[in-house]
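Two complexes, one shared chain (chain A), two partners (chain B, chain C).
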Partner chain A sequence: MTRTQLIGLLSTIFLFVAIYFIFSFAEIEMTMLEVQKIFYFHISAAITVFLAFGVTCIFSILYLIKRGDTYDTIALVSTEIGIVFGVVVFTTGPIWARFAWNTWWNWEPRLTSALILWLTYIGYLILRSALAEEKKRIYSAVLGIIGFLNVPIVYFSVELWQGGLHPGTATKMNLPATMQTAWLISWLALTLLYLFLLMFRYRAEQMKLELGTIQYRQMNES
Partner chain B sequence: MYKGLWITVLIIFGIFFGLFMLSQIPVAITQDEVSTAVSDAIAETDAQVDETAVEQIVTQKALEILEARQKRRLKFLVSAYFIIWLIFGLYVLHLAKMQEQLHKRIEQLHSSLQRKE
Partner chain C sequence: MGVFRQIGWLIHKDLALQFRTKEMLALIIVFSVVVVLIFCFAFGPIFPEKLEERGKLAASVLWGTFLFAGIITLNRSFDIERANGALHGLRLTGVDASYFYLSKVVSIFVFLILLEVIVTPIALQFLDVLTILPVALQKELPWLLLKLIGVLAIGTLGFCAVGVIVSGISTNTDGTESLLSVILLPLTFPVIMAGAKCTVSLLTTGGLEGNFWISILIVYGLIFLASSSLLFEFVVEG
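After this line comes the complex of A and B, so read on.
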């Protein structure tokens, strides 16, 4: 079994465990009742988005310093996965919002800043597809670093701008023990899933590189 | 291989999750919710004479209201979880398909290169 397969298996197991803890172990919140159970994966996916864009930022910095292709590839792959986790956040969020706030969307600080963050990294992918090889790596690396500056703004947006609908950053720590355990397991499961997807997607990029080399060899020989 | 593995995992997960959702979601009814539902039901009913009949009608109505509310909550919950697994499932399948195609293409090119040599 390869490392990727092992991480994939682990993430699957932890996802099952997380589901078990969410539905059988964590107590039911008395305001939102069953709907509150969306929270466990919604918040965990949001934190994984921060993690993914953090990895993009670090590997973009490394690329600008060392100019290694691997750093650029990891930054690209992590961005793509961060966007996928972002899709999860932006679809489960409105479902929650419709029930809790009676609206699918609200231009409140947390939602607006998170949307800007997500769109920045969509821009990262668009930029890469629009520029020539060397330029795209440098410019997207710069965007990958600048985009990450928005992460603390998103995280502290509730405290920075009053009047938002989201609860403050300390709320997670004040959860009952059963809810906190279920949330931590969900977070771990999604982090493992992120890691698995990162390795799986990185392998595809390596294969593309290999394909390019073979095609180049073939062209030279013919 | 990945594709088959993941389809199997997703199907098994879907079956278990479906069974789980159908059978295990605990019914959470608070005292406040019962009181609200009873007063809502009283407001909606016309029966005034027979107290036992009133109580029966009110209880029936209250239960209907509670069931409707719980159905609505479960609809939100199931939609959210369905979407989560759909997004991850589709992305994993997309990656598996991409790898499979790349692998095939590499194999083809390798064999054509070997034939030339």
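After this line comes the complex of A and C, so read on.
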């Protein structure tokens, strides 16, 4: 069994364990009842979004310094996965918001920063598809860094812009022990899933490059 | 050649190109006035009664207009560099990439400030903001306008800092204009938030309530000026 398969298996197991913990172990919240269960995957996915784009930023810097194609590939696949997790956040978010605050969208600082970051990195992918092969690595690395630099500024601006404390921010920190456990397990499960997807996509990207080389060689021979 | 002389010549070159034919400035001014008019027709002819509401309207009109005008200016400015390999020629003279970046920021900044000085009073008049200002503010109107231009200038500097590096990247693609907007606009959200808050506060009270928003504008500008002048080397090289 390869490392990728092992992590894939682990993440699958953890996802099922997380679902068990969410629905059987964690107590039911008083005001929101079952709807509150969205919280576990919503927050975990949001953390993974920031993690994924953070990885993109770090590997973009590494690419500019060391110029290894590996770094660029990791930055690319991490962005792609971050965007997928973003979709999870922005579908579960409104459902949560509808029941928690009686509105489909809330300008919560973390949610808003995630949205802006998400849009920035969609731009990153569009840019990559619009550039020629030799240029896109450097340019997208530059954008990968600039996009992430924006995060703290966006976060502080949105926090002040929407006017102070957010009711959810305080309550999330003092969860009952059972909820805490369920949340930790779902967070671990999604992080493992991220890692698995990263390795899987990385391998696919590498195969694509290898295939390109083989095709090129055959074309030269014939 | 000294650093400042090099940057000075580069700025001189850009400004000479921009102002040699007045067509570009005229185009951008007309464009901005038309955008302002679009907002006026959508909201008018009777604008919100409350000063704060009208201040918010004016802030969104001003910042929206200058953002779009800025994108057109950036595109145009890099089109010139791209045509006939002008940028490569410039690189052959041995000019440092960060000097080139700084000169581009300054020349676009100067151009946009000129535009803002002309369009801001027109927009405020069209939106009928000036007449409902408190009496104390009306007495010192030039001073208020000066402060408003100051805030716009700090925001514009931040916008240029990010805009120059992003358009340096996007000029190498085919779908230049739409791509620039898609990448640049999400990056400039903090400028819009902070700039609009400062504008509203200036129009309603004549001062900046707390220094938080203006600090965000300044910090944003500094962070992106510093990081982009370092990263621009890779953009030119690519």
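Of note:
Convention: the second predicted complex is superposed on the first by the 193 of 222 C-alpha atoms of A that agree within 3 Å, B and C clash if a C-alpha of one lies under 4 Å from a C-alpha of the other, contacts with A are read in each partner's own complex, and residues count from 1 in each chain.
The rule we apply is simple: a residue touches a chain if its C-beta (ideal position, glycine included) is under 8 Å from a C-beta of that chain, and two chains touch if they have at least 3 such contacts.
Remember, predicted model here, so these are calculated numbers, not experimental data.
In the superposition on chain A, contact of A:Leu64 is made with chain C only, not with chain B. Once the two complexes are laid over each other on the shared chain, residue contacts for A:Leu119 go to chain C alone; chain B is not touched.
With both structures placed on the common chain, the touch criterion links A:Leu160 to chain C but leaves chain B unconnected. Residue contacts after overlaying the shared chain place A:Tyr139 against chain C, while chain B stays out of touching range. When the shared chain is aligned, chain B comes close enough to touch A:Trp96, but chain C does not. Between chain B and chain C, B touches the greater number of residues of chain A.
Once the two complexes are laid over each other on the shared chain, residue contacts for A:Asn150 go to chain C alone; chain B is not touched. In the superposition on chain A, A:Lys37 makes contact with chain B only, not with chain C. The part of chain B that touches chain A in the complex is made up of residues 2, 9, 13, 16-17, 20, 24-26, 28, 30, 70, 73-74, 76-77, 79-81, 83-84, 87-88, 91-92, 95, 98-99, 102-103, 105-106, 109-110, 112-113, 116.
Interface residues of chain A, counted against chain C in their complex, comprise 64, 116, 119-120, 122-124, 126-127, 130-132, 135, 138-139, 141-143, 145-147, 149-150, 153-154, 156-158, 160-161.
Partner chain A is touched in their complex by these residues of chain C: 162, 165-166, 169-170, 172-175, 179, 182-183, 186-187, 189-190, 193-194, 197, 212-213, 216, 219-220, 223-224, 227-228, 231, 234-235, 237-238.
Every residue of chain A that touches chain B in the complex is listed here, in rising order: 12, 15-16, 19, 23-24, 28, 30, 33-35, 37-38, 41-42, 45, 84, 87-88, 91-92, 95-96, 98-99, 193, 197, 200-201, 203-204, 207-208, 210-211, 214-215, 217-218, 221.
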